Amino acid sequence: MTEPEPTAGEDDRERELRRAAEALLLVTEDPITVELLAQLLEVSAERIEALCVELAAEYDATDRGFQLVKVAGGWRYQTHPDLAPYVERYVLDGQSGRLSNAALETLAIVAYKQPMSRAQIAAIRGVNVDGVMRTLVQRGYVDEVGRDHGPGQAVLYGTTPTFLEKLGLNSLDELPALGEFVPGADVYEALEHGLRPDPLDADTTAPVDDDGDGERAPDAADDESE
Amino acid sequence: MTEPEPTAGEDDRERELRRAAEALLLVTEDPITVELLAQLLEVSAERIEALCVELAAEYDATDRGFQLVKVAGGWRYQTHPDLAPYVERYVLDGQSGRLSNAALETLAIVAYKQPMSRAQIAAIRGVNVDGVMRTLVQRGYVDEVGRDHGPGQAVLYGTTPTFLEKLGLNSLDELPALGEFVPGADVYEALEHGLRPDPLDADTTAPVDDDGDGERAPDAADDESE
Amino acid sequence: MAVDVETPVFQGPFDLLLHLILQDQVDLYEVRLSDIVDAYLAQLERLEQMDLELATEFLLIAATLIELKSKRLLPDDGDVDLDDELALWEERDLLLSRLVECKTFKDAAVAMATIANEAGRSYPRTAGVDQQFLGLLPDMLATTTPDQLRDAFLRAVEPKPVPRVHIDHIHQIRVTVTDAVAELLDELPRIGRATFAELTADLVERLEVVVRFLAVLELYKQGWIDLQQVNSLGSLTVVWTGRPDDDELDLEDLAFVDAYDG
């Protein structure tokens, strides 16, 4: 899609662009590149870059507690450096001292299925796990253990001695048995192909029509029908 | 710590409070309670609540792509619903996975009549709910909340904060009143007519007139509330 | 799983009853038997691609419908027993209040779906704290047990609930559909046609009649017999039509029905 003409409608389009960029920046866990934003918003990278610079200046001018910054080739929100003491207090408070459910599930997959690549883990969890994996590596619970032989030679991850120590285990053999609930090989295959069945759909006996879901993006709709 | 005096320094303190709150809201992964924010910022919960309401209004007024909302007892940033089409292009998280009708009906029963045992829920739905309940527990929408005092000490289930988050509600009080869904007189009559056990009536009774049976509807409502 | 979006798929006997009574505006006791049979067979056919738990639920639908309908089909001995009459009304009131309750929560669920869909349009921020602060975090596994790790794994990979068959409602059946079919196959070719009342004249217990009725449905489903009912609520005539094209009786189907023998 090309840039819209500078017509009377441009203000609305500008507003929509700015709001959509803010929404995408809010939900991203890693810095999001100008190129990806441009693709998602269907405008040129130059325009996105200008928009982000403008937004960052606006947050600065309105004295927000967060900033929009460009790091590692992408844009992301982060807390204003001034306010680090509050964030530290929050972190130390212990409220965030537990692994999030997302992190725990990711760690569990690595523990039981290692070695695993990030792509394989992401396929099972149905979400990008880069941020979570970085946390787990930084905490020393998982580490690189080798490379896939296949094309791309993806980095493979496994759990560390620290992980065993923290859980009070001598070896991986002492992990609780999965027992009767282990899904069969076919399920793994389906999962690893990204065809993660929605567990609740197992009970679905109803048509997909009745609640205005039609407005959801095609991608989401596809997920549902699988 | 008590509220600061209304001195010349208050504006700075207000600004610092607002900025620190914004920073903390940005880093929290779950909705953050007013109490925790109050503790971390060393002001009263009332003041934090007022601050959050004010911030939410400000984001709204400045037409941001994100919102500050109160969900499941805490405040969080989320994307503006308008922008769902853009965000859905980017986020492939299964979190927004649809609930099947079976799951929704089961959830509705738990939400409105909690605490409930599986047998009680099954009695209302007319079908076994073990599978649906297991899925709902796994998804974190319902959880065990106690045990029945009666014989057998059945496990009782209730809804969780995750359920409230899924529905974007701050508390169960925000659910529409169940009374709104009790079938009206017309439905009640149709049901009554359809279930007439005496075949002879089938030939003699014309469709019941509205006044005649209108008084039965309150009975239905009474049944409901038991 | 394939989901048919054109016609409703029922989740339980109440679902189907509600549908029959409300959507179709029919009187369960006036609806022609063939309609009930068709609905039953159509549902059962669609169940073949679904899981065992669902199939069980649908057999429960069928059983419920057949039981209700069979009450009307039982030979009327003329004398109305007041106790029976009262019991029937009581049963109806019970069913009525359950249907009303079921309908209430169905409607509440629709409203909840709307709320959830609206809420689903907003996505929360989950990025957490910046990396620079992570070093401050205490041991994040301190409160985690190996069992919690296992649960997390199962949560991550579980695609669907483990199917489980619900058999509480059928524990009383002592006669099997297979037996009843065998008896009918022995008798019908000789006499050609008979009313259902005649076919059940020697039976004492209601359950036996219900099972005999199931057997009739099975034979009808597989094309061995035809069913005739001239008037609503009139007597049902069973007509022997002989072997269908594939002349083997599918005993697997019968075994399926009889799996509830418990």
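Think of it as A, B and C in the order they're written, each chain with its own count starting at 1.
We take it that a residue touches a chain if its C-beta (ideal position, glycine included) is under 8 Å from a C-beta of that chain, and two chains touch if they have at least 3 such contacts.
What you see is a predicted model, and the numbers here were worked out from it, not measured in a lab.
Undergrad: Using only alpha carbons, which chain's centroid is the nearest to the whole structure's centroid?
TA: The most central chain here turns out to be B.
Undergrad: If I average the CA coordinates per chain, which chain comes out farthest from chain C?
TA: It is A.
Undergrad: Between chain A and chain C, what distance separates the C-alpha centroids? Give it in angstrom.
TA: 42
Undergrad: As a quick test, compute the distance in whole Å between the mean CA positions of chain A and chain B.
TA: 26
Undergrad: How many angstrom lie between the CA centroids of chain B and chain C, rounded to a whole number?
TA: Here the centre of chain C sits 31 Å away from the centre of chain B.
Undergrad: I need the residues of chain A touching at least two other chains; which ones are they?
TA: Residues 23, 26-28, 77-79, 87, 90, 96, 100-101, 196, 199, 201-206, 208, 213 of chain A touch two or more partner chains.
Undergrad: Of all the residues in chain C, which ones touch at least 2 other chains?
TA: As it turns out, chain C has residues touching two or more other chains at 11, 110, 113, 123-130, 133, 154-155, 158, 160-162.
Undergrad: Which residues of chain C touch chain B in their complex?
TA: 11-15, 18, 20-22, 25-30, 53, 56-57, 60, 71-72, 85, 88-89, 91-92, 95-113, 115-116, 118-130, 133, 154-155, 158, 160-164, 166, 233
Undergrad: For the complex, give me every residue of chain A touching chain C.
TA: 23, 26-29, 76-79, 84, 87-88, 90-92, 94, 96-109, 111-112, 124-125, 131, 134-135, 138-139, 141, 163, 166-169, 174-178, 180-181, 183, 187-188, 190-191, 196-197, 199, 201-213, 225
Undergrad: Can you check the complex and tell me which residues of chain B touch chain A?
TA: My answer: residues 15, 18-24, 26-29, 36, 39-41, 62-66, 77-80, 82-94, 96-103, 131-132, 135-136, 138-140.
Undergrad: Taking the complex as given, what residues does chain C use to touch chain A?
TA: Checking each residue of chain C against chain A gives 1, 3-6, 8-11, 50-51, 54, 110, 113-114, 117, 123-131, 133-134, 136-150, 152-162.
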